[in-house]
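Shown below is the structure under consideration.
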């Protein structure tokens, strides 16, 4: 498998609604996948939507090299995601993929994955990847409420899953950083991978720094191209303004200008 | 087979389809998607005298049939371009044209002089939409006398094909085009982005960190076509037209309005292979309409 | 219930939503669809000194997120307006504002003087985008001195609220706004259409009979917002903002950028009831954001 | 029934494909129809089509006041009509209707209807209307080729139908004005109603003038609003520039500036 970006029409083989705001698209590629790494994303062309001019970026939720399918976990936010939620099996979707860098393979087995909202998307693929390398991470997932908690069994195959909801209707109650695993004096993890809203990632990064735990986060950003040519998606790093779509979306928090 | 090749200011292009500065990186990023050799040329990202970090995030807002950007000429400066980038791109099988930017006449001249030494860069495109820091931020491209001056000064040091890219944010685009030609421009490129703004009503804030930014995409195509048409009637140098070109039909509109070649900009973000499709589409149109040479289309709009 | 009413140059509007000249006829055609009394005001089609036939067909081209028109001020002249149209519309339960156009200063003055006599027209809007026939077609709205002159001459004869509507086809919209204020404008309306062009590649002809025409619709919204914002910072008279407003969110963007009221134009063609929906949408937004009076939103963009 | 214009969501109850380029939409109104006259048209909002900003005008092909349905006969031309062709029963379509003036009730029974291409659309409704007034017109329909000939039985219920195709694969061969009924020295008609491409209508108008037959044509035009406010759709008449969407689409040829 080579590292190559493609522009390709993939076929929708399944569209599963998880709850009123989330759905999973399963997409079949016409040719054998190139190598895809955990943390990478795709740029989706939303057709027949008058208000979506640019493509929409989504993390790769999981990859099945045997079936040649990949899955996207999508939260309905605006016109683009609303249009995608209506796709049916047999429809086609144009993707540019795989894009961006990836989470790195850690030098430890004490790994924690932290995801919130649709930021859980890349963590499933990462957990699978870690398993292949004999790492069984702890996976802490934050949701708004019970109704949105989903795929717990899927994640459980790859590690120990902890759940926290904003309203306490399932698992512990509060934001992910309120979870009891963070309340100890010494945390048992040597590496944290985190993806979610900015505020959540910053809070997790703060804990990681406090406990001197190595931590990688997957940033969101407004993207025009997604493959490095427009310079619209930059984030300030120790090397100046870097592109989230090429040098990221995954950054080690030490490289970011988060205080 | 129809002949798509064209001469612009003595320079031979295998076809009239090129890619716009700031939307195609240095070409490299597109090699996974397409054969760069299929293009007439590549206009690389703006090069300035020194390293520039560009503007703060957020730099992008989506708008109806278009987008705003406020990248702000982020680049590592002309030294870095000559030593690090040029060697990697100089043997692409297409023309590499450098978009030259600056905040003072001296900076434009300095960059042009350095690029003049690069054998495999047959032309530069002066991006005169930048604000003149000495003159309080008024853009070089909005005052005819300033456009003439910066072009003339660069002309003194730059020996190859000199293109000048104009800003559409002016009362009279023909005055600016004439001013650039007076300064010695061989070619006029039209248009850069329209100045626009986007607001997030929930947060009651501008979306861009810079409040205003440059509008590109299909939304601006009618304005771009109008300006190409006006300038085509007013000056006698070749024009390179752009603004919202998404497909071959759009490109042909620009040729008919008077452009000798086109640049594909924002469309590259949506379909990185679109420029090749446009080459093929122009060829198909020519075959269908029995047009032997693409030069027959240039300015061929019937208005009688 | 939030208070949507607003005072502009002393004139009370029940809400900040009005309809744009040339897109709402004389209001009459909308009575099947909506209650005109729900609007802040109606800007009726341009009135000139004499009857004008307007331009030849075709007058319209659809463009990405917009349209071009070249109607060309078709109307039956000020006499016909005063005698035939005014009596039918004067008792609408909303402000009727007349868009005044002309090709000479004298024509603007003549029309303004006649409209001044109509009791139920509390304001006029000078449309200074028209070409000045005496000055070789250069538009009044592109040269500051001309904008000041025509405004000042009209000001002498017109005693009620004087609004001046500016063209966006200029290098510096703030210079034009200042010029109109210098001439005595009470209110600035922004923006008229952008000059654009569309081409039919199959026939190799322009789509409009006039080759170029005015671009309106969502495509121009970013440019319109930018100009409202720039003028809001530069002059101290109220602004009426328009350009591509399709819904309440768009309208609120204009208020935040500094407009005291908005006009809905091209959107009326797509949904003739859209203006009422915009009134309701602004009210809903104010309720949700706990904004008591719409005046709190005007220019309330946070840029620190 | 009153004469009032509406903006309304109608429900698609049927979408029948006639051939590769033509289809008929049957639309159900939520409330009782206002009075609709033959020759009037609707303005359709095409949703989910990035390149159709303005509404699309279509003649009313027929009206069923009992079922409260109307039908549109549409030819696929560009993105708007292509999108409409995909509509399914149950979908909704927003219409402004009924718009424009109408064909006039003739003072004679010797009536000829001439339609070409999708210009046949308003003639069915007109034929029904004439029947209600005891007029059984001759109906001459022009098509490109046999494959596009359709609804002949439907029309036959209202008058005598004659067919001509460009390639002669059905009926006579040639353009409508080549039809044998026009080749006589004296034509038997006292009124012609015509709808089709501009060139066809002009050719029919020429014959009508030659034989001093009263003739009404339904004009096409590029429309932005469709209800009289934008002044984009004018045609020069004896009263100056008139609006095709309000003073038309039906004009007596004597009023037009056709040489």
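A, B, C and D are the chain letters, set down in written order, and residue numbers restart from 1 in every chain.
Methods note: a contact is a pair of C-beta atoms (placed from the backbone, for glycine too) under 8 Å apart; a residue touches a chain by one contact, two chains touch by 3 or more.
This is a predicted model, so every value here is computed, not measured.
Novice: So, comparing C-alpha centroids, which chain is the farthest one from chain D?
Specialist: A
Novice: Taking each chain's centre as the mean position of its Cα atoms, how many Å separate chain A from chain D?
Specialist: Here chain A and chain D have centroids separated by 55 Å.
Novice: Report the inter-chain centroid distance for chain B and chain D in whole angstrom, where each centroid is the mean of the CA atoms.
Specialist: Each chain reduced to its C-alpha mean, chain B and chain D end up 47 Å apart.
Novice: Can you work out the whole-Å distance between the CA centroids of chain C and chain D?
Specialist: A distance of 36 Å separates the two centres.
Novice: I'd like to verify one number: the distance from the centre of chain B to the centre of chain C, where each centre is the average of its C-alpha atoms, in whole angstrom.
Specialist: Here chain B and chain C have centroids separated by 34 Å.
Novice: List, in ascending order, every residue of chain B touching at least 2 other chains.
Specialist: 63-66, 217-218
Novice: Counting only residues that touch at least 2 other chains, which ones in chain A make the list?
Specialist: If we look for residues of chain A contacting two or more partner chains, we find 50, 53.
Novice: Please list each pair of chains that are touching.
Specialist: A-B, A-D, B-C, C-D
Novice: Chain D touches which residues of chain A in the complex?
Specialist: Against chain D, chain A makes touches at 47-50, 53, 83.
Novice: Sort out for me which residues of chain C touch chain B in the complex.
Specialist: Chain C reaches chain B through residues 63-66, 68, 142, 169-172, 194-199, 201, 203-206, 211-212, 215, 217-223, 225-226, 229, 244, 249, 252-253, 256-257, 285, 300-303.
Novice: For chain A, which residues are in contact with chain B within the complex?
Specialist: 4-7, 45, 51-55, 96, 221-236, 240-241
Novice: For a test of understanding, state which residues of chain C touch chain D in their complex under the given definition.
Specialist: For this pair, the touching residues of chain C are 22-25, 29-30, 32-33, 45, 53-54, 57-67, 69, 71, 74, 217-218, 266, 268-273.
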